[in-house]
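Consider the two complexes below, in which chain A is the common component and chain B and chain C are the respective partners.
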Partner chain A sequence: MQLLFQRWRQQVAAYFSTPAASSREAQQREVSTRRRGRMSQLIRSHIPPRTERMAVDQDWSSVYPTAAAFKPASVPLPIRMGYPVKGGVPPPKEGNLELIKIPNFLHLTPPAIKKHCAALRDFCTEWPSALDGDEKCEQHFPVEIETVDYVSAGTSIRNPKARIVTLRVKLSNLNLDDHAKKKLIKLVGKRYCKDTDVLTIITDRCPLRRQNYDYGIHLLTVLYHESWKTEAWESEKTEEDMEEYIWENSSSQKNALDTLLQIKATENVSNVTKEELLASEVVRNYRNSVIALKNEGETESNMSQYKESVKKLLNIQALP
Partner chain B sequence: MAAAMAVRALRALPHIRIPALPASCSLHTTPPRLKTRAARVRVGKGDKAVTYEKAHPPHYIAHRKGWLSLHTGNLDGERCAAQRAVEDSFVRRFLHGTFPGCLADEAVLKRRSNSLLVCLLLLRRLPPSKLCFLLGYAETLLSHLYKCPVRIEAQTVPDAAVYKYL
Partner chain C sequence: MLRSVKGFICRPLKLDHGYALHMAAKDCFSSVVSQDVQTPAEKPRAIFYTNESDPIKTFQEACVMVRKPALELFTYLKNSNFAHPVVRYVIYGERGTGKTMTLCHVVHFCARQGWLVLHIPDAHLWVKNCKELMQSSYNKERLDQPLQASFWLRNFRTTNEHFLKEIKTQQKYVWGKRDSTEQGRPLGEVVEQGLTRVKNASDAVGVVLKEIKQQCCLGSFRVLVAVDGVNALWGRTTLKKEDKSPVSPEELTLVYNLRKMVMNNWSGGAVVTTLSQTGSLFKPSSAHLPHELLGKEGFDALDPFVPILVPNYTEREFESCYHYYLHCRWLQHEKARTEDGKEELRFLSGCNPWQLERLSAPL
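Take a look at the complex of A and B:
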């Protein structure tokens, strides 16, 4: 007690090292009252925690209005956290660092969230009633732009991944004829997905998102216009460049016609023209089955269709 | 010494062949004991009061202990983990010096987007006026140093919570 008194005297003396111009006695009286005030402050016991004065039906969102660390004196719950000592219980909430370490959601109780929603409702607008389905949205807004914003904890908000822009559009929504569509698909290569008919353009070569968006739109425009033009060298398109199998002027057509002409010659039928043969039903069937086999691949139905058409073409009825 | 002399004596006799031993003193050594000593309080007589944080060595992190510093830098694809680590170590040293002898336990640092939230457990060693001044001083100085809002949430406890005695 004496030691404390002496220490306080020294501290006060240091604080009042240059005294104001007043009488010596008044100064001493001032010093002693100040010293006594500080002493009583220290000796006074600390006030009990707020939990003891909390009503059961209080407004919890005023205790925890925002995200805050766990305060044991403000949360009226008998929570224990930690691994218990052998033969003991988990440590209590007072001075428990584990409860402070974890993020808590005491500020997000359902009534608090209701209040947030009520406050945000003033800033919200209704969804347009005309867009009541995915098809309508796609019809009015065929081009989808996807951008990602990154949030992280730290002093910098910059993230280089945020500049990437993805543009998605269905080719059926673009005004393309057969030649333009094939040329566009050849131009974009891997960026077109045949199953979903979606062209995806991902741009990240510019440093800013706005620049990447502009570049993506520019690419789409250029692709569209270029695919409608027909260059001079496109007439040199060979059979290997074709995207799908075309039976007209193919080796299959030639072989079929030659075979049929030879059959007709041996039967001594009068000259049948190629056009007549092409127009005949058996040749039509054969053409369809070959096209189906080449374009769709080998399936049960395709193979059986081909078998039937060949049998009819060569007039072989006996074999099953 | 005796061994060396014996070797020399034996070598003097011409008809005895002995292998040439290197002349050295023999040292008595124990095999090296590689014990990790990181963040461990060694068991003693049973008079050392130890908090929950100190009682658990680092391999209990994520099993019995949480993390003292929470930020997004260590997640997959996120950047600047090293900068956060350096900031954390500086802030801890700063707090250790600003509140001498008053820290009951380690400070918990939480980052919420731009701001830094420091959760302190303090002992009631200082009068409240001094404590308030130091808290304000720490907040202002750290905000100016790191150019981000720094908030300190301090709780006072009469004594550091003892978990066990080692």
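Take a look at the complex of A and C:
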């Protein structure tokens, strides 16, 4: 601290005294003297930026303790940003508006965050030792509630965003049968993620956080109970409403059976019932390949599997 | 307008695996087929030329490269049991890999064997850009397309002359107050009727298809139904009725009859179709798999079918195509003859037949 102060005094003295410390400054002053003559006393040469005096192992959180704009003289990184001049490179950081405009996270480096955590530790309670893994957390607490608290320097401690409550639950933790699960997924729509099997409910319609939390829990309960009920009109579910392809009673099954019956008729094999045909190996094969094709989309392997099954079904030989 | 027929170089010795020749035009094959059918007893080294679009004119010959998918189809067709219901084959693949050419090759093969060939060069032409749409006299809800129907009837007549004399109608058809076709008349009369009275052309097409379907079950002749761009039958159309409401495909007589033909409730032949994205309506250019192009309706209608994938050129096929171009002096650039040039062509085209043709055109 003393050292810094002394250095600063030297710098200030250097302004107002004629012999310059470094040769570069001398040259600059020479030039400015030559160029501007009488104005030379009024021109101040630039002091070197703070970056040149920064140690490599300095405490960065004291340079940027809070969110601040990008200061090129305080950030010792050779950053260039912006559209390059033709045949050139992007402009440097000095006086670069692009760098100042964008938000930066120079105040949130990992050591800074460690310090924040250390400061907050006094206000936190211990994590329960029994919950030492994600699976255990999920097993004991399947419903996750997420709320955010906002702190800002201002006249009021209230923030309207603080009332938002997010509820997350995995459907595998709920007791749902096949019909109930499909109905629930249809009821919630976009709030369900198929890849992670997580239902997310975000509530913010009430003014207080507690009210939103209660509403979220109420929604979950209602969804659960409603999905278990079967309404009268659910029997009118058509093929377009189905989530996945079901081969039974589809046109594919009809076509296949018709074709097979015609083939059998030409071969004069009578008394072959539909059930026998359905149970036969070729039809099973065909059924599986069509289901794979429709549910998983078309891939090379799916198409070749379908081709093989159709060839077996229709008895087409490939050998010349 | 009869296409002037001059000849077609046919080298059966070379039309097998080893040496392959490549053709580029897509839209003139019915005339090529007609040559073969007209002279069925021709010696193998018969020479025909056709006077059609560019590469054929320049090369003075029409050549087809023999590739695996076509050979596969030939084995299936040879081994198929004609008492069973017809098997549908769907040729699919990415853009420019040779699906239409494979179809043409199959058409040629069947024509050589004496089958009756119902070739629809491009079904997409029937669902877009039709100038005249008339209400059908047979069924009030349907719409006729006299121009397309008469065009097709003309081609059909050229390709299948001798069949038209053999097949007889099985019932009486009344075209109008004064025109009617009695039972037992040759099918050629129905075709003539359609051509002279253009108003009845679409219905004539329907009658032709119905008769052929009924009679080929008896086994006297085999029928090949070759449709290019079969996904047009189940998609959307760009046609509008007079009150500007859109027309769906089943309201068109031609499409309705063709759909019935493509069903597998008859026997004694085969149905070979291709899926085509170029020319298809309202489909993204990356779509090439059956489900994407046919849609749910089309897939369910054609199911069960045998899908046949046509890939890009293999190494060998690329080599032979390149050598053919050199042989015909299509590639004029000096550097094209070098190894480097060949590698460059291979890289730029990605072994895609269509790309290769486009690249070599200015060379």
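The rule is short, and it goes like this: the second predicted complex is superposed on the first by the 190 of 320 C-alpha atoms of A that agree within 3 Å, B and C clash if a C-alpha of one lies under 4 Å from a C-alpha of the other, contacts with A are read in each partner's own complex, and residues count from 1 in each chain.
Convention: a contact is a pair of C-beta atoms (placed from the backbone, for glycine too) under 8 Å apart; a residue touches a chain by one contact, two chains touch by 3 or more.
What you see is a predicted model, and the numbers here were worked out from it, not measured in a lab.
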item	value
Partner chain in contact with A:Val85 - chain B first, chain C second, else both or neither	first
Partner chain(s) touched by A:Ala119 [first = chain B, second = chain C, both, neither]	neither
Partner chain in contact with A:Ile263 - chain B first, chain C second, else both or neither	second
Which superposed partner A:Ala67 touches (first chain B, second chain C, both, neither)	first
Chain B versus chain C as contact partner of A:Ala153, first or second or both or neither	first
Partner chain(s) touched by A:His46 [first = chain B, second = chain C, both, neither]	first
First, second, both or neither for A:Gly95, with chain B first and chain C second	first
Residues of chain A contacting chain B in one complex and chain C in the other	none
Complex contact set, residues of chain C against chain A	72, 75-76, 78-81, 83-85, 87, 264-265, 267, 289-292, 300, 303-309
Parts of chain B lying in touch with chain A, wherever the complex brings them together	51-53, 56, 60, 64-68, 70-73, 77-80, 83-84, 104-106, 108, 110-114, 117, 119, 121, 124, 127-128, 146-148, 153, 155-161, 163-164
Residues of chain A touching chain C in the complex	250-252, 255-256, 258-259, 262-263, 266-267, 286, 290, 293-294, 297-298, 303, 306-307, 310-311, 313-320
Chain B-touching residues of chain A, taken from the complex the two chains share	38, 41-42, 46, 67-69, 71-73, 82-83, 85, 91-92, 94-98, 100-103, 151-157, 159, 161
